[in-house]
Amino acid sequence: MKTTVGIIGATGYGGIQLLRLLADHPQVDVVYLGAEQNVGIPIQKLYPFLSMDRVTEAVNITQITQRCEVVFLSAPKGVAVKLVPDLLAGGCRVIDLSADYRFHNLKTYEQWYDLPRQDQATASKAVYGLPELYREQLTTTRLVGCPGCYATASLLAVAPLLKQGLILPDSVIIDAKSGISGAGRNASADNLFAEADSTVVAYNIGRHRHIPEIEQVCSHLLGGTEIQVQFTPHRIPMSRGIMATLYGQMRDPGLVTEDMLMIYEAFYRLAPFVKIMGNGIYPQTKWVTGTNNCMIGLEADGRTGRIVVVSVIDNLLKGQSSQAVQCMNLMLGWEETLGLPRLGYYP
Amino acid sequence: MKTTVGIIGATGYGGIQLLRLLADHPQVDVVYLGAEQNVGIPIQKLYPFLSMDRVTEAVNITQITQRCEVVFLSAPKGVAVKLVPDLLAGGCRVIDLSADYRFHNLKTYEQWYDLPRQDQATASKAVYGLPELYREQLTTTRLVGCPGCYATASLLAVAPLLKQGLILPDSVIIDAKSGISGAGRNASADNLFAEADSTVVAYNIGRHRHIPEIEQVCSHLLGGTEIQVQFTPHRIPMSRGIMATLYGQMRDPGLVTEDMLMIYEAFYRLAPFVKIMGNGIYPQTKWVTGTNNCMIGLEADGRTGRIVVVSVIDNLLKGQSSQAVQCMNLMLGWEETLGLPRLGYYP
Amino acid sequence: MKTTVGIIGATGYGGIQLLRLLADHPQVDVVYLGAEQNVGIPIQKLYPFLSMDRVTEAVNITQITQRCEVVFLSAPKGVAVKLVPDLLAGGCRVIDLSADYRFHNLKTYEQWYDLPRQDQATASKAVYGLPELYREQLTTTRLVGCPGCYATASLLAVAPLLKQGLILPDSVIIDAKSGISGAGRNASADNLFAEADSTVVAYNIGRHRHIPEIEQVCSHLLGGTEIQVQFTPHRIPMSRGIMATLYGQMRDPGLVTEDMLMIYEAFYRLAPFVKIMGNGIYPQTKWVTGTNNCMIGLEADGRTGRIVVVSVIDNLLKGQSSQAVQCMNLMLGWEETLGLPRLGYYP
Amino acid sequence: MKTTVGIIGATGYGGIQLLRLLADHPQVDVVYLGAEQNVGIPIQKLYPFLSMDRVTEAVNITQITQRCEVVFLSAPKGVAVKLVPDLLAGGCRVIDLSADYRFHNLKTYEQWYDLPRQDQATASKAVYGLPELYREQLTTTRLVGCPGCYATASLLAVAPLLKQGLILPDSVIIDAKSGISGAGRNASADNLFAEADSTVVAYNIGRHRHIPEIEQVCSHLLGGTEIQVQFTPHRIPMSRGIMATLYGQMRDPGLVTEDMLMIYEAFYRLAPFVKIMGNGIYPQTKWVTGTNNCMIGLEADGRTGRIVVVSVIDNLLKGQSSQAVQCMNLMLGWEETLGLPRLGYYP
């Protein structure tokens, strides 16, 4: 007997990745596809490459709670807030891909996302959906707030350093590079091929919305100490993939690259999707495209006393949809790797 | 004393290419930039890479005719029809980059462009702005209808064959590949980087709007015989450039590649921007990027009795804006090559 | 009990795609990876994205025949000729991805591939590995010569037309566009990113080596009548994917697009990997990336009396490695779709 | 009477950019093209897009000194060392694009470039060819060592900060992103389109050879104090362009973005090719493609107390060949902007 699953917001990039992943998942049955726009339209019409004759439906909470044991939400900010309390009350487990349930302190959300919030009770139940750091909590929660794509790549790069006290916390600088699919499918002149090809641009320097969730988790890793992280996102001319290049001042400049690699290996020994590279190997984003993997390489720079960590993920999979499925696997007590892509195609 | 020039529709891709070219042209002074949207906004604000402090103005015919000796129009279909008669009456020379003045038979325009037309008198005065075929007529006209980008690449490939009677006219098949800038700067999901990268797609098979102008000129080259051309445009993942690959059944299958190359060389001996490749060399679009050149290579296939011609241009320059400047040079009796780019950067 | 499989030439693009596919195949066990170069090196060292600790071995026929029930060869032309007779004699089933066993008439091979051949006996046993046309023969053969990538896309586009006598055979023109991975992993200045990006180029006009196999199968579809096909390959700036745009003169110009689509639907009703698009939909290469699918769209052009067919595949999967696995499934009596990717990631 | 100019190493990317620029320069005559390989071959044969019938010659010092007043060297490391003393002795002015004459302290060169050096006398005469910092010295020298591409982008970003004492010197971190043409035209599997497309990779973390020249100039700006700069280069999927994203700890965290922009404006008020963006505008590499411009945007991050500076150049022009021409203009007392591209094409 398979678990019944629904997707709200099934027609954006996040939604169709979810749909494609869940179609291959051995334990679930996708029984509901909700959409705000394009209701009643076969998925195959919207995305001819998806050979599926499923049709989108309007968002009706009663219907959803009757038919679905698990609900994924892939909607813009502010939508989940309105739906999640009723979905939980109706007995569903909920995995939200937006920012709505990432924050314990709703003041942080209000400040960075410009939306008032009053549902502290619900928000307090949510677990941050980064399995490598919150595996235990994910096995018992009914509500997950999945991380942002940049946050996933950044936090997996920085976690061992902060947790083990290897760097000065306030020295953390993250220079991130993302493919353009991160901007979603909304038409904007800036993201047209002719504008976005053959160019790189920085944006939202010091004020990207993934900063507060990175800082919240970093602070958690530090046992509560507040921390300010410098974060700069760049858009580079490719569709998929994120690289986070992280800089930190080492407390002990005597540590060499091999030492650091061993520490990372140990830290992630139970994480089936995190791969630590060998000495001198820096991972490319293409090496993880089409997979739920995060690959990490690093260099301890004896000359400057800094460590430089390079972390790569597929922004639409580990940075979004397949990580949500990984969370579902844990919530339902299944094998963490179930139905998740581990080998990509290359080149 | 420089010639005063204005541009109507200065803020699209065509307009800014024109602006950039005319800024470097030794004989003209750009005195007016007209725009429908974004009036009163400095060009540099719209396009920070253009280090110019010029400001766009509303479209006012009296103003334009008083200040400009030459006017370029780079506007959507149907706009030129409304403005050109008054601009001509006001004494301007007019170079229109839209399709409005490409057709002698306005029925053809009405049929392919879905717009009614009544200005046969004005349309009859217009010269088709392809200097390699209509150089003489361009030196005496006051109104030019510049060719479409696909039509430019296609006609320069086919002209020697039809003019010299080397192929069966109805055998002409043109398979064209264009960069994405051809779609302009209008935001559409299809042209987003994430959608348009790493893919190729055919569109408007057998019904692209550049077909009737190709057929009009082909028919003209044949001395009036009507002709149906098979034309398929493809969008490929690059910003600039068009390649037309042309197939024709040779009347004399005994002709070899060298013969054909000599015929092309002779046909274009007075055309400073058409470069015929050596035997065995097929030009790439990148070889003409940033220039007003058209490069042509070909193969006479003895096995099949067909000739295959490959013609490449920069769709935004020879296919649009620099060809318009080339027309202006001829209209004003200047050196044809004046102010036009002939050497690109590579790679 | 799984079937034991080996790969000779495991480290090229073809080989690693095979390796990746077979790793996920439920019925096989990859027990041998052979390589000419890089012997004894872990695959993960050559391709860090492949999280596998397998090691390449030298090519030793005795070893291979003892350990493997099925052998895939992914080597340059002329290598298979030397190995296949011994592999067959040793009891292996052989699936060759090179051109060595594609031809019934070895004179054709000698002429187009510049290599002498004497093994007519072995060659006569080989079946051309295009399951959509040779499904029956594949279920009983022990030797398969897999099609070239261009040939796969072209033949699936043209087969219904020739088989049903819908077009004039000698009117077939195929204008193909391929991503750059088709050139393999050999370093050449022409295929450097800086040279190959933002450009399109035609090559080997009228003399590409996939022409004779296209003509051999076309002739077979015509019941033996010889045919000359016009074929022009183009390299476009993307890694994966091939589009074949096919032109043919219809015998009955009264047939409309809907008629033709129905004929294609019927022709491929038993082919699980061929998808015929709806009227007005032309498939993109990206729609099949990462899958074994071939998508086909078409237009019957009433104006010109021609049909234009657009066919797309992933050149490294349906055009190479996954098609070889599809052949294996048929040879071994398994479900044709077993272990083969049908849903891609997008965008 | 034009100045006679020669290029040694005319057939690499650097050489052909130089050739193309000098062909349009109003004051020079290119009279000699030297090459190690491909001697006696017309340039047009190597680069069909360059419509020039010039032929490369062997490298003969006597010939060169007799015919050329100015010599550009665009050769691998170690070549200039052997030729420059004789060229200077023969009366030529020399502009070297390699690293050979960038260092005052030859020990630094020996250590980072693995080549022994004994020509301290010649090296001491060389001026570092970054006109924005060494304009005066360039007007009187006969030998210029042109900066590396990364160094140009990085130094123009950091110079005002160090010169005015606005940041803690040892806090400088530069995260750079380069197009692939920076790797030159040597075929390597890593730079094949199929490998390098759709991916980003870091390399030479903490040990890239442009680090010592960046540190040498930084130290000079600090009045001699030594400094260690953290530098990480990344290769991103585009042909041309470099972005340097620079991080520094501000001494006075009270300074806001507007203050910093004014300081940059003032610092570069005499630099015709440096453009400081408005508040909130971060330049893209595409905005400078095809020009000698460097565009700089920045953000003073009050939250973290750091300044983030984004600097972009065309790596093959301002980062290499057009900067060399800019140096020539200064050496010969000409207008600094003579013959240099200031407006690019877009998109």
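Just so it is clear, A, B, C and D label the chains in written order, and each chain counts residues from 1 on its own.
FYI, contacts are C-beta pairs under 8 Å (C-beta built on N, C-alpha and C of every residue); 3 or more make two chains touch, one makes a residue touch a chain.
Just so it is clear, the model here is predicted, and its values are computed rather than measured.
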item: Pair with more cross-chain C-beta pairs in contact, given A-D and C-D; value: A-D
item: Of all other chains, the one whose Cα centre sits farthest from chain B; value: A
item: Rounded Å distance between chain A and chain D, as computed from the means of their C-alpha atoms; value: 39
item: Gap in Å, rounded to a whole number, between the CA centres of chain C and chain A; value: 37
item: Whole-Å gap separating chain C and chain D, where each centre is the average of the chain's CA atoms; value: 46
item: Residue numbers of chain C (touch at least two other chains); value: 13, 179, 181, 194-195, 197-198, 237-240, 283-284, 286-287, 347
item: Contacting residues of chain B [partner chain C, same complex]; value: 173, 175, 177, 179, 194-195, 197-203, 205-206, 228-230, 232, 234, 236-241, 243, 245, 247, 282-287, 289, 297, 299, 301, 303-304, 306, 308, 310, 312, 347
item: In the complex, chain B residues that touch chain D; value: 13, 16-17, 20, 23-24, 47-51, 181, 197-198, 239-240, 275, 277, 281, 283-284, 286-288, 290, 293, 295, 316-317, 342-347
item: Chain C-facing residues of chain D, complex; value: 13, 179-181, 183, 185-189, 191-198, 237-240
